[in-house]
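Scroll down for the structure; my scribbles are underneath it.
We call the chains A, B, C and D, going by the order they appear; numbering starts again at 1 in every chain.
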Amino acid sequence: MSVSVQQADFDAGAEIAALAAGRDEVGAVASFVGLVRADKSAAGVGAGDSAVQAMTLEHYPGMTEKALTAIVDEARGRWDIYGVRVIHRIGRLLPGDRIVFVAVASAHRGEAFAACEFIMDYLKTRAPFWKKEETPAGGRWVDAREGDDHAAGRWATDGD
Amino acid sequence: MSVSVQQADFDAGAEIAALAAGRDEVGAVASFVGLVRADKSAAGVGAGDSAVQAMTLEHYPGMTEKALTAIVDEARGRWDIYGVRVIHRIGRLLPGDRIVFVAVASAHRGEAFAACEFIMDYLKTRAPFWKKEETPAGGRWVDAREGDDHAAGRWATDGD
Amino acid sequence: MNVRILFFAGLREALGTGSESLALPAGIATVGALRDHLAARGEPWTALATTKNLRAAVNQQMLGLDAAVKAGDEVAFFPPVTGG
Amino acid sequence: MNVRILFFAGLREALGTGSESLALPAGIATVGALRDHLAARGEPWTALATTKNLRAAVNQQMLGLDAAVKAGDEVAFFPPVTGG
């Protein structure tokens, strides 16, 4: 199972090892872990009371898994990769908690890095998750970053 | 200690967690694990007896740590990153064994990915390690890949 | 056959509901027309017109406001996604 | 004060030694000149001239063949690196 949406935490080391286990053509595993930051609100409010105390991740059950699988399939079409693992947590998380994991196994590092970053960029703009932060000033939904659309746009090709 | 050259294996998950532990400004950890491939010799010989049975990593004690530290320092100068971990194994390794680990912690994924890939590209061309493969046809030193020089060259700037 | 409509995140909160089932009114054939139809109900439904960069999915696939809608479809409206 | 010279990997095997200590001959002031001086010893030292893309380090820093060498330096010769 290459895509999981779950409340439970994950073990990045075990997931990386599993992608390479028993496949001696794998020479490279690139991976990414996203975590809840507390230092400043992702909502972009610069004022004092913006420290994030907790965060709740809402998603669109049914569509989420389809969207993630479509993103992984697109990566498999673009690069010669042997294995992909995507885990996205939902529910209430605290600062320092892991939110998302993406890992890609390939023969060489160039393809592993490119596919891993591609999947993260597309996940950020195409997978139906929404973050609501709890701060001393109250709850608020995180605004999408324009930079995320730009990052995903980098991968656009003529065929898209 | 951000750089280690060691015979012992490593735990990628524990290393990733350590980079983020107690630092709630870390929102992203990009990492890479390189492994010994067995399917085809890295020496580039296409013939039948090219399966890699084992690999021995030689290095230049004293220079190795300096070279890796210089690469990490250069990455810190180029990107706003909070933590870096580099582990390179030496000695005799078997197919499927982990060889190298690089992880970079940052606030955002773009910088973490770029710095992690930069460190790997520079390590491949500037850190004094050499691989000797054992195959059914005998031992042979791996040739450097031209693609590695090209990959490292991507990062050159006017200031270099 | 009705259209099933879903709302998520800040839009769900603004509307006070996460879903509804609706007989597709005559003449409504696109996501954008359905959005306008709902927004015309007045407060709080105007949030559908004022949400910045409103996104939509038809049958769990993200599509533009010009995408076709027909009876039996599942249509979702939501703000830009912020996962990862 | 001598120059300490190190050899690694395939070059070390070809030369049959990993290191030597040498009084820097008069007139040898660069890595390239030192390389030529050693290669002129004949077999197996010609490997220093024939190794493809020979690399060198002076005092544990990778430098080009035009880099300066002086008494007391540690000079290393090796093939392109293949770690990672």
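As a working rule, contacts are C-beta pairs under 8 Å (C-beta built on N, C-alpha and C of every residue); 3 or more make two chains touch, one makes a residue touch a chain.
What you are looking at is a predicted structure, and each value in this text was computed from that prediction instead of being measured.
Within the contact network of the assembly, the step distance from subunit A to subunit D comes to 2.
Chains that touch both subunit B and subunit D: there are none. The greatest centre-to-centre distance from subunit A, using averaged C-alpha positions, is reached by D. Between subunit A and subunit C the centroid-to-centroid distance comes to 26 Å (mean Cα coordinates, whole Å). Averaged C-alpha coordinates put the centre of subunit B at 48 Å from the centre of subunit C. One inter-chain figure worth recording: subunit C and subunit D are separated by 72 Å, centre to centre, where each centre is the mean of the chain's CA atoms.
With touch defined as above, residues shared between interfaces to two or more other chains in subunit B number as follows: 34, 109, 120. Residue positions of subunit D touching 2 or more other chains, listed in rising order: 84.
Chain-to-chain contact here is organised linearly: an open path runs through the chains from one end to the other.
Listed by chain label, the pairs that touch are A-B, A-C, B-D. Interface of subunit A with subunit C (complex): residues 34, 42, 57-60, 62-63, 66-67, 88, 99-100, 120, 123-132, 141-144. Chain contact summary for the complex, subunit A toward subunit B: residues 11-17, 20-22, 24-40, 95-96, 107, 109-110, 112-113, 116-117, 120, 147, 151.
Residues of subunit D that touch subunit B in their complex: 6, 8-10, 13, 53, 57, 60-62, 76, 78-84.
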